[in-house]
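Read from first to last, the chains carry the letters A, B, C, D, E, F and G; within each, the first residue is number 1.
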Amino acid sequence: MLAVNQLTCLRGERRLFQQLTFELPEGQWLQVQGANGAGKTTLLRVVAGLVAPQEGEVTWRSQPIRENRDQWNRDLLYLGHHAALKEELTAVENLSYGLGLEGFSSSPEQLNAALHQFGLKDREYLPVRYLSAGQRRRVLLTRLLVRPASVWVLDEPYTALDVQATAFLSTVIETHLERGGCAILTSHQTLGLHPGRTVSLG
Amino acid sequence: MQWNSWQEFLTMRGYGLYVWGSFGACAVAMILEPLWVRNRWNAIRTRQPRQERS
Amino acid sequence: MNGFVMALRRDMVLALRHKSEWLTALFFFVIVTNLLPLGVGPEASLLRKIAPGVLWIGALLSTLLGLPRLFAPDHADGTLEQMALSPIPLPWLVAGKIVAHWLVCGLPVVLMAPLLGLQFDLPVRSLGLLVVSLMLGTPLLSAIGALGAALTLGLRGGGALLSLLILPLYIPALIFGAGAVEADLAGISAQGHLSLLGAILVVSVFFSPWVTSMALRIALE
Amino acid sequence: MSNSIINWFKYASPASFYPLAGRMIPWFSWLAVVLIASGVWLGLFVAPTDAQQSEGYRIIFVHVPASWMSMFIYCVMAFWSALGLAFNTRLSGMMTAALAPTGAMFAFLSLWTGALWGKPMWGTWWVWDARLTSQLILFFLYLGFIALQSAIDDPRRADRAGALLALVGVVNIPVIYFSVQWWNTLHQGASVSLTKAPSMAHVMLEGMLVMALGFWSYAIAVALTRVRCIILEREITSEWIKRNAVE
Amino acid sequence: MKPRHKRLALIFAGVAVLGVAVALVLNAFRSNLVFFYTPTQIVRGEVPQGRAFRIGGLVKVGSLKRQDIVAHFIVTDTVNETPVSYRGILPDLFKEGRGVVAEGKLSNGQFTATEVLAKHDENYMPPEAKDAVEQAQKTSRTLQR
Amino acid sequence: MNGFVMALRRDMVLALRHKSEWLTALFFFVIVTNLLPLGVGPEASLLRKIAPGVLWIGALLSTLLGLPRLFAPDHADGTLEQMALSPIPLPWLVAGKIVAHWLVCGLPVVLMAPLLGLQFDLPVRSLGLLVVSLMLGTPLLSAIGALGAALTLGLRGGGALLSLLILPLYIPALIFGAGAVEADLAGISAQGHLSLLGAILVVSVFFSPWVTSMALRIALE
Amino acid sequence: MLAVNQLTCLRGERRLFQQLTFELPEGQWLQVQGANGAGKTTLLRVVAGLVAPQEGEVTWRSQPIRENRDQWNRDLLYLGHHAALKEELTAVENLSYGLGLEGFSSSPEQLNAALHQFGLKDREYLPVRYLSAGQRRRVLLTRLLVRPASVWVLDEPYTALDVQATAFLSTVIETHLERGGCAILTSHQTLGLHPGRTVSLG
């Protein structure tokens, strides 16, 4: 179970959120809601452990994540606003180096299969610089299929995706939840997922 | 007292430029720095009540 | 360990794909050292005299040039976040990146140096010492530089700030490095200079990945 | 154990340090004025001429205290930095930031007075010997620290990045101190050291020590004033300032 | 490895690295890494050949002679001596029996300086005290003989 | 004309806000020229001899350093697209950017040069000539460099390629510029060198904006 | 009227679209539809005149745009995937320099008012680097309010916007159409605009 206790976060002199508390058991998902600039991205970065909160703490399986970074980083998969893709590398290379940096590995065949699932047939060996906005996003999301993790923290995963990819992403998330994973996400669109928990900011 | 005249004190037997250059630089620096910090202090103190009111 | 190799390989592939990086460093080195005879005039004795200093400064500047791009692209596109969240300890990954930076910016310079030394009319015996001193010196430049690059990551005025922070720390390396070659040219033993260079090298290479990754975590906040 | 640490934190919190600093500043200011005044009097009027350097040696009364302070302040900064990184106390970053400009000033004064002393005595303003070079590096480290802090707008990041730099740079201090022993430098060796009797006439030594104490009080007074400024600037939104800081 | 062991290993490695560094530094100090060379080193041939370097030592008492603006003196480290010539203005502290650092070139055992710097010791005392000290030293020396 | 002023002002504001750019150029210049005595040794006569060449090379390298960032950030964030679609003719905007580049990377170097010249013990009379030659030379470096920057925009290996393209074109400027100062030092008239420098300046400053904006349109396709 | 005649575009060896022909009279809007990577962005760039098509041409008021660039550039407003914002500058500065480079100008008060309309009160003087993804997007879109133009070419203008901003953008586009402007846009979301023309790719 992922638990957030009494979290407070300041930016400049602005208080984004205060005394925020919620829990997320395995198999459940949580949508962070709020207008533009409400602090959703900031919250997700705090949960991932990239930013230290002013007050409060985040615990995973009853351990504070900042004290037990090894375990937490192994169980966490975070996808932010940034693409984290290198324009010069192909989709397959991007994926395999991404995995390598996290201590996982996967054969090119597996990666190709995953890319195909995400609708990137024929584009695997093109440098990412030539891909369209939606195709880049798909490359990034393919990590969900190849990187084992039990907590997914996804910041606006649905941007730039077309209808078909949106539907596929939803089934991917559902499968993850059925397998006992949990997920936190933000989105301004209405999602085709079974109802989950929500937190509203701002 | 080491000096017989002001003249002697100021010229320092030919080392006046160097001695006074050193002491002068120290004096200037160590007088300006506190003034500068005071300035910062005053700026904050005058700003503070205004912020509180608004 | 595995993460170290992975980070190293990834950066090398990127550099080779890009070419810009290592070619720029090498090219810059060659240019700096080659323009000098053009600007100063081709007096052999004069050139020989300034050669060790000029070659070392060239190496130092080409390392410095590559530094801002050590972490900045990864920071901009979010890869650095992923590295900070990786189960592999960050220092390993950072160490991989530092070694890659050296292989890309430092090693070509070291290998090129004897050729340029010849151009400056250095005696062949001193060329060996030039290579040794650069071989000890350039990894040290990369290691210390990485810390500066991490501290100034994403800041206004990054480039200038980086030089301001790093150059004072480079000065000892320059003095001992160029000093070694000059000592050898003058026919004295260069051992003292080289030992000191070695001492700085060992310490900086060992501690740099830790300190740098602390600086990176601070920069990511 | 946790109890004692919490106590510690309380002392190291800006809220309780602020009034404490306020009470200490006048004392140290007056101490500085008195000590520096008597140091100047001892140095310029009481101390006798030197046998080798005639009146030129009087620069010693500012050069040595300034040099000592520049090194000492850097050590103090490194100490606070270590504390800040280890325990994440807010005050430590503020202290480091408050000390740096004063340290930089003393480092500059050391270089300046040293150069002015070197010209008549050695016959040159500057040489690249080990002592002078390492002291120049110290000055650059101060400048780098200040520039780094001013380039970062988030105070938390500024503190921690600065702390790292201060800690890394501290290896330079022993190099400065021992450079005259390790290498044969143009700069003279230590006249005052813990291991042997000072090789200076008593009055001269006394003047120098009084000046050093004066500079020391001065540094404390200025740094405390500056740290109060920094506390006010950073904690302007916090409750305790609104409650009682505007005395 | 458990995290505990890992940390121990790291600390161990750190100490080892520092040890190596200290050994290297000590090694450096055994060899001649210097701002200036002494006459003894010149005699032993441990100085740069055919290029400018610095020589340091004491000005031998009674060796200073001036021809026009050229000064001739002998630098000694109490064991060996090197004759030096210099054209230019000498610094104030330049005196016989005092420290000196000169930059220039060596040819045939004769050092031609382009720059002369005075190096003084760490003693500060009024002239009277100095006289007293010198007197004392002289007497003790004569007594030893 | 209005667009020229606007482009100029915008780039200046960015540079001043950033600080990195102009400080980097200046800092780099100061460092390159200042490290030399550290590496080469502080022999006054030697330093005076190499001074004109070293100062000119320093100016040339600091201009070169700023070049990749002349168009690249605007290209990356889409501003260049907007400029290409602007009703104001592209050459005007490009001219504004070139002038801003000179003001940021060239002018500070020109103003700093006499100080560094003093450090190298150049006679005061030659300092004036140094400034004049740099004043004629640095705008030329910016103008020619802009073309190279546009041609290599967004290419792999941009940095190295840029130097490779541009340096051959810079060499005449270096030879005449450093030559002028050296001639003056040697007591000969420097007029011939300066006239040639002037001729290159006029031609390059006039044609560069046109050719550069053609290159930019090609790079954007 | 904007007319596209017999447009063909290749990328690598891939034919993105072929013999594409459509017209867009004033007061109308057109949605370019297609899956990720279908060539929507490429089409918009061809229409804007940034990329030359392999075959065919684009005309505006019966003049080929590439031959009459002055007029076309004055009438066109193109917003691409890229933000075209400088992180160091504030929103107001970004807008005013953007306008300046196109030969327009506007007082800071007007710009501020426009930013307020787009929901960026209090954030006008913060460097863009501190803004959230949606807030940046809003700064960019504010150009629609301050830069006069009759043809709008917008590539996925709705990404990263929250519900409120989406609605506001739709009314902005409607107003533009009522005033006799025309607009081409792409989006994967369903838009709250009155029905317009469509072109489907891929």
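Note that contacts are C-beta pairs under 8 Å (C-beta built on N, C-alpha and C of every residue); 3 or more make two chains touch, one makes a residue touch a chain.
Since the model is a prediction, treat every value here as computed from it, not as a measurement.
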Both-way neighbours, i.e. chains that touch subunit D and touch subunit A: C
Comparison of C-D and D-E by number of C-beta pairs in contact, larger one: D-E
Centroid distance [mean C-alpha coordinates] between subunit G and subunit F, Å: 37
Length of the line joining the C-alpha centres of subunit D and subunit G, rounded to whole Å: 58
Centroid distance [mean C-alpha coordinates] between subunit F and subunit C, Å: 25
Computed distance of Cα centres, subunit D from subunit B, in Å: 17
Two or more partner chains touched - positions in subunit B: none
Contacts with 2+ other chains: residues of subunit A: 70, 81, 88
Subunit C: positions in contact with at least two other chains: 17-18, 49, 156-157, 161, 164, 167, 171, 175, 182, 221
In the complex with subunit G, residue positions of subunit A that touch it: 11-12, 34-37, 40-41, 81, 119, 123, 126, 130-135, 137-138, 156, 159-166, 188-189
Subunit F residues within the subunit G interface of the complex: 2-3, 6-7, 9-10, 13-14, 17-18, 73, 76-79, 81-88, 93, 220-221
Subunit E-facing residues of subunit D, complex: 48-54, 56-57, 60, 120-124, 127, 129-130, 182-186, 188-191, 199-201, 204
Residue numbers on subunit B that touch subunit D, as the complex places them: 1-3, 9, 12-15, 18-19, 21-23, 25-26, 29-30, 33-34, 37-38, 40-41, 44-45, 48-49, 51-52
Sites on subunit C touched by subunit F in the complex: 17-21, 23-24, 26-28, 31-32, 35-36, 38-41, 46, 49-50, 52-54, 56-57, 60-61, 65, 156-161, 163-164, 167, 171, 174-175, 178, 182
